[in-house]
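Below, chain A partners chain B and then partners chain C, in two separate complexes.
Showing the complex of A and B:
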């Protein structure tokens, strides 16, 4: 197991290095003279040249990349051109907020989707299964911004149960203890995921229900509840674990809609604004973090699945 | 059956709730502008105290506190004009250069040759009780020069060789400032520059290190060190509210708190403020927003006191009024929306074709301003026609008044081309069939068979920009003119589409539309924008007569010469004029104040010291 983990870790690091090189090169191709973007239209060509020289943008791209990596290793992600702030500070400020709402949405989605998927599988082709499947397709096809707007219109403006704005506090504890304020953004995030997860879980559970070990368990006379919770659940969840692992960066990127609608500044919005402002240090760091999360998500999923199913390690 | 019936009732109820929730406040496009153009009157008996919550424009949250952020910081300054006042307060209504009552000084007095200007300070105080003196103005000018010595890009209003170059300031008495000018300026132009000069505390800020010695800021070297120190301090967003430097203010408010994550901040009364206004409100909360939709939601929830409404939500005005809000909308003074023409683009002989005034006139006549305004897909009723660089309601209107020289008239456009040697092929390809110079011919260097085809770079946001450009291209096509609309990000256009700073890309764009161009509201001179050597002359426009008129409005003695400049530009068409979208100001009807203080919000000028809650 240790060897497997180390080998996956090494591959992950190589992938990350490749991502950083590609992203750096692409951003360099888009704008090889950040001085103009930073200093604006009225800056003289001399001022732009001075800026590029002072910040090393006049050096060959390889030298710039090596310099960037060196700073990266020291934890220096650079300084935002547009936000008057260190990129590391910006990301740290926003990542916690994004993670909080993403995690809450993910947990809520899993809490509903896993039992629902298993219920659908166990009662395959029943009314419950058909209604849940139809609802899943409808919800999956509903854009999250539309869903968010509908939730605000109904539950904040027409029947004022929840506020239209997410908690503005920076303290996770305050946010945690004020669930009303986070209800609508978390539900908006969770609903689409529930639709996907439930169908995924249903399909995986159906596969497992046809397996011999389930038949054996039933033949031995084990209560159905124990079969479902002790045997089916663990094995039927493995594909979902893999899916959730790959969805981690998507969940962060998907926050953009929720952050925008519910006035909850986080990483998604930071990325969008940086894109519009061509704030390359932030874009570079954000994309790298996206890469890290993707690689880390896959890595953790691989390890968890390997721990749950020893055949994977042996076969690797 | 009974179960199915219940289900049906539940479904109908759910649909009804959704329909009610989603429908609020819709209205016919043509009625929208009529619902907000009347200014609500000042009302009620003022009450002392209260907190007003103001919505900041999404995407424009502040990140800087020193009033002159260096270009590299790209700073959006906190509460501009409320912590530190400029020497002369810009007029919020755009009907004059400065608001005399809200200014820190009496109007300037000029010597006969206009090269010596004497300014008497009013009786204002800093928050620490010390008087605001002429020395503070000298200090402020020294810091502005220091910023420009670091980089000419550090002040976006700067033209090399002009203000503050060649301007020396001396405090001849504590309350008297004398400016010596190397070049005489038009008094209105100089006043417009002085509205941009923020007065900073000379005795508290004249240091180059925290706890360091007080320096003689009249020495350029010291001024530069002070400037570097202040801009460095302004990089620490977490200390904005706690740093004692930033607590010494001369405006009606001081910074109470700042949230670096969101950009939200709050202001508390400056108890020592001695200017006009009762400052009845205890606190002003400026709240940052992530989207225009989030602002609307907070208005609907009744959580905002004041803010602006994105014009795409103009249909919600009725709903907001029903919620107890006042809504007023108007074009921002001296805002100019236009298709900027690139006279140096040589692709397909565009430079030769567009150099012909009749071609520009024909193109202007293809712009259906009233149609765009009425269109739900473009302005949704929330805009006003505009045919000049002065914008609407300017004190320097063009001579033609409200009778524009080239109103929408496709037939007249077709005739202009046909009368000048072009064979017009509607929906086909219009070509020059009579080349040469002289009456009835296409014009210099335009060969036989020449088509009119060019690229229009259109900003990707806001949405109405793309919509109006596509409408223009469609109208041009009907006249056999090909306009290729390409969408670009605003930043890309800022960085690459301007012949003064990016000559290498001059053939990438023939026209560009990046939304709004703002001139100084009170004195909308196009100095730097349309003069031949102007540093912001994006499209290499040249016109000797216009140069002369811009010179007069900048350096001449006649304060009304700007009208002649505005008229000449509107007739010669250095750009194609488009309607100006309205800025929609929303505020609770429990808040009131002078009408002008709310009108000023169309220029994003806040004067909360004049506001009050009433019963």
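Showing the complex of A and C:
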């Protein structure tokens, strides 16, 4: 098991190195003269060249990349020239908030989808199953911005229960203790995931219900409830664990829409604003963070699945 | 346990009485009636064997006793009396208290029969905690005790293992421990050894017998294998189409077979002692559709002795002396005589093939030898197929970031030759590399080293382009015709495809050829328009053979050609294959774990063990005077469908299970399971050395003629 984790970790680090190289190169191709961007169209070519030389942007790409990696290892993500702030500080401030809303959405989605999916599998082709499946397809096909707008229209305008704007506080604690303000963004995030997770969970559970060990458990005289909790649950959740791990970046992308819709100052909103400002150091850092989260998500999923299902170690 | 001991320690009490049991299962708007008026009885300490083919209702009877009918299933009539308690109509909660406690079930081993994410100790302990209310620690101690009883080595260390860490035989032992942990009065074993190798099967069945008498249980053994029944059951129920055709004490039933179906079934099993010159008896047609209720005896449409009465009236059960009950209007007298239909050497092309029935017989049981046939049709003078020191290694699991890759040594230096018109049989247990070898023979896989030389040309070194046209001459017939026929293609398209790929003829000509092929394998032309799922297993396997023959190959490799088929269908396909071999002068390689099948089809046989050939010779030599202890052990492990057949002494059995092909033992690979192994066997690998001109064995201590089975 230890060896397996170390191996997966080493592979993850290699992947991250690759991601950083590709992202760096792409941004370099898009804008090879940051001085022009920072100083504006009116600045003289000399001033731009001076700026680039001063900050090392005139060196060969490889040298710039190595320098960037070096600073990265020291925890320096660069500096936003537009906001005149450390990118690290900027991201850290927003990441906490993004993580909170993503996590809340994810937990809510799992809490509903896992039991729902298993219920659908156990009562296959019943009315419950059919209704849930139909609802899943409709919700899955609904874009999250539309869903968010509908939720605002209904629960904020027509029946004013929740505010249309998310909490603006910079303190996660304040955000955490103000569920009313976060309700709509979290629900918007969760609904789409519930649709996907429940269908996934349903098919995984159906798959497991057909396995012989379920029949064996029945032959032991176990009541159905215990068969589900003791034997089915764990095996039926493994595929979902894998899926959730790989969904982490999608959650960030979802944030992009939900955060801008509810004007919630998280990573997604920061990314959108930076895009408009052509603030490349921020974009570079955001993309890299996305890569780290994806890789970390897969890594954690692999390890959790391997811990839950000991056959993986042999097969991987 | 022999049948004699079995009845000796019986205290005479009836444990289970099934009366007129009927089951129906609703599937959509169809109603299947898998069990129709079944009556069976079981005494304490006795083993009742329920035997039948797929769809005979034997498993469903077992599930009905367990109260575990599939969704949509219910008992429509009859009663199940367990020791004075009526099980039919018992409330769910009270049934649960019986399941796993008074009545337990052992299922067929499959990878998923044990929960993959729970430790085996927990799984074995679960019924004890449930039914006996034992504490965690008590249950664990009981599980350890039980695992020791079923012969799991070092059970205390194994309690925390996961199922995938055990071999198939060990998993089945765990499954048995799980069923018996509450010491039930009745255990139902549903095909408990069907997925296991023959040597392991023998051990598991002996274990079940032993436990049954030690724990004083009764057992219902559900199986399709008449051999298993003959060796392990005290009483037999033969089922056909949801009804009991015949039931009675084992020795009585085998000696004085009354029902025509039982008789036909017994005759169609290829045996190890049968005259190989005879054609196998086969039952025409296929088992009936269980959704329709038809008047008369269900076996009548396939029965040679059927009369109008059989087709009109259902035969009632008739009880004879000794509790022998049968349901047949025209009962037979004793076991069937063999058919005496001889296999004939085909007349020159153009003549109609002779299916069955007595024909001009050859003087002896011997088949036309390869050399006789080699003269016609073959151009090369050498062997048609030559395999030289063939090796294949697959990477095993994940490789480390550092360090070498571990490999599965699937095939480790195999050499043999197949002459034109000859059939070479490859036998061995699962994982011995016989299928890997088969795939390389037809160039579906490339060897790690060594060569396959076909008509003087090494196919293993050809480029894909050069191989293309060569493939017409090397064809393969697969085991699972369900998986090897494209479900979305009609049979016509499946048969035309190889011709189209090789650019043979026009579309109309290809269709004509497809029709011809179907006729050759005994299928009507209407099959052309059918989809694979519309055909029965036997028909699909015929299509598989037709497809392999479409391009008129010179070499046919058949990998487990009949393993997926029921006995009555199996003999039809075996007869067909043998006829085709003879008619076409094909060189074929037949791969099977079933020694009787290989014996029936092959002229020469190679026995494989862990990637190596341990013995080769003519079929009579290998089966008649096996020189390798492994071959002798395999032969001893096969249960003959005859309760009177002499048992091989326990010492001749092969013990344990094959070691991993990742790290094969040094020296002789078989030494870890061999009773005769000495220090020499561990140091030096025995080469294949001749016993006679055609008989070779790789053993330091080959069995003498007098020791082996004759």
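Here is the rule we use: the second predicted complex is superposed on the first by the 316 of 316 C-alpha atoms of A that agree within 3 Å, B and C clash if a C-alpha of one lies under 4 Å from a C-alpha of the other, contacts with A are read in each partner's own complex, and residues count from 1 in each chain.
Keep in mind that, in the parts below, a contact is a pair of C-beta atoms (placed from the backbone, for glycine too) under 8 Å apart; a residue touches a chain by one contact, two chains touch by 3 or more.
Computed from a predicted structure; not experimentally measured.
With the two structures overlaid on chain A, would chain B and chain C clash, or do they fit side by side?
fit
Is A:84 contacted by the first partner chain B, the second partner chain C, both or neither?
It touches chain B, and chain C stays clear.
Given the superposition on chain A, which partner contacts more residues in chain A: chain B or chain C?
For chain A, the partner with the higher number of touched residues is B.
Should A:18 be classified as contacting the first partner (chain B), the second (chain C), both, or neither?
A:18 sits against neither chain B nor chain C.
Just to be sure I read the superposition right, which of the two partners does A:259 touch: chain B = first, chain C = second, or both, or neither?
first
Using only C-alpha centres after the superposition, what angle do chain B and chain C make about chain A, to the nearest 10 degrees?
If I round to tens, I get 150 degrees.
Classify the contacts of A:211 with the two partner chains as first (chain B alone), second (chain C alone), both, or neither.
So A:211 only meets chain C here.
Determine, under the contact definition given at the top, whether A:143 touches first (chain B), second (chain C), both, or neither.
A:143 contacts neither chain B nor chain C.
When the two structures are overlaid on chain A, which partner does A:220 contact: first (chain B), second (chain C), both, or neither?
Second partner only, chain C.
Have a look at where A:235 lands relative to chain B and chain C in the superposition and call it first, second, both or neither.
second
Compute the least Cα distance separating chain B from chain C in the superposition and give it as a whole number of Å.
26
Across the two complexes, find the residues of chain A that touch chain B and also touch chain C.
none
Would you pull the chain C residues touching chain A in the complex into a rising list?
Against chain A, the touching part of chain C is residues 66, 68, 93, 96-101, 104-105, 107-108, 110, 112-118, 126-127, 130-131, 162, 164-165, 175, 178-179, 397-398, 400-401.
Report the residues of chain B in contact with chain A in the complex, numbered from low to high.
17-18, 20-22, 24, 59, 63-64, 69, 71-75, 151-153, 156, 158, 234-235, 237, 259-262, 264, 288-291, 293-294, 297-298, 300-301, 303, 461, 489-492, 494-496, 498, 501-502, 535-536, 538
Going by the contact rule set out above, which residues of chain A touch chain B in the complex?
Within the complex, chain A contacts chain B at residues 31, 36-45, 47-48, 50-51, 81-85, 93-94, 97, 149-150, 152-154, 156-160, 163-165, 168, 170, 259-265, 269, 273, 276-278.
Can you list the chain A residues touching chain C in their complex?
Touching chain C from chain A are residues 3, 7, 10-11, 211-213, 215-223, 230-231, 234-235, 238, 308-311, 314-316.
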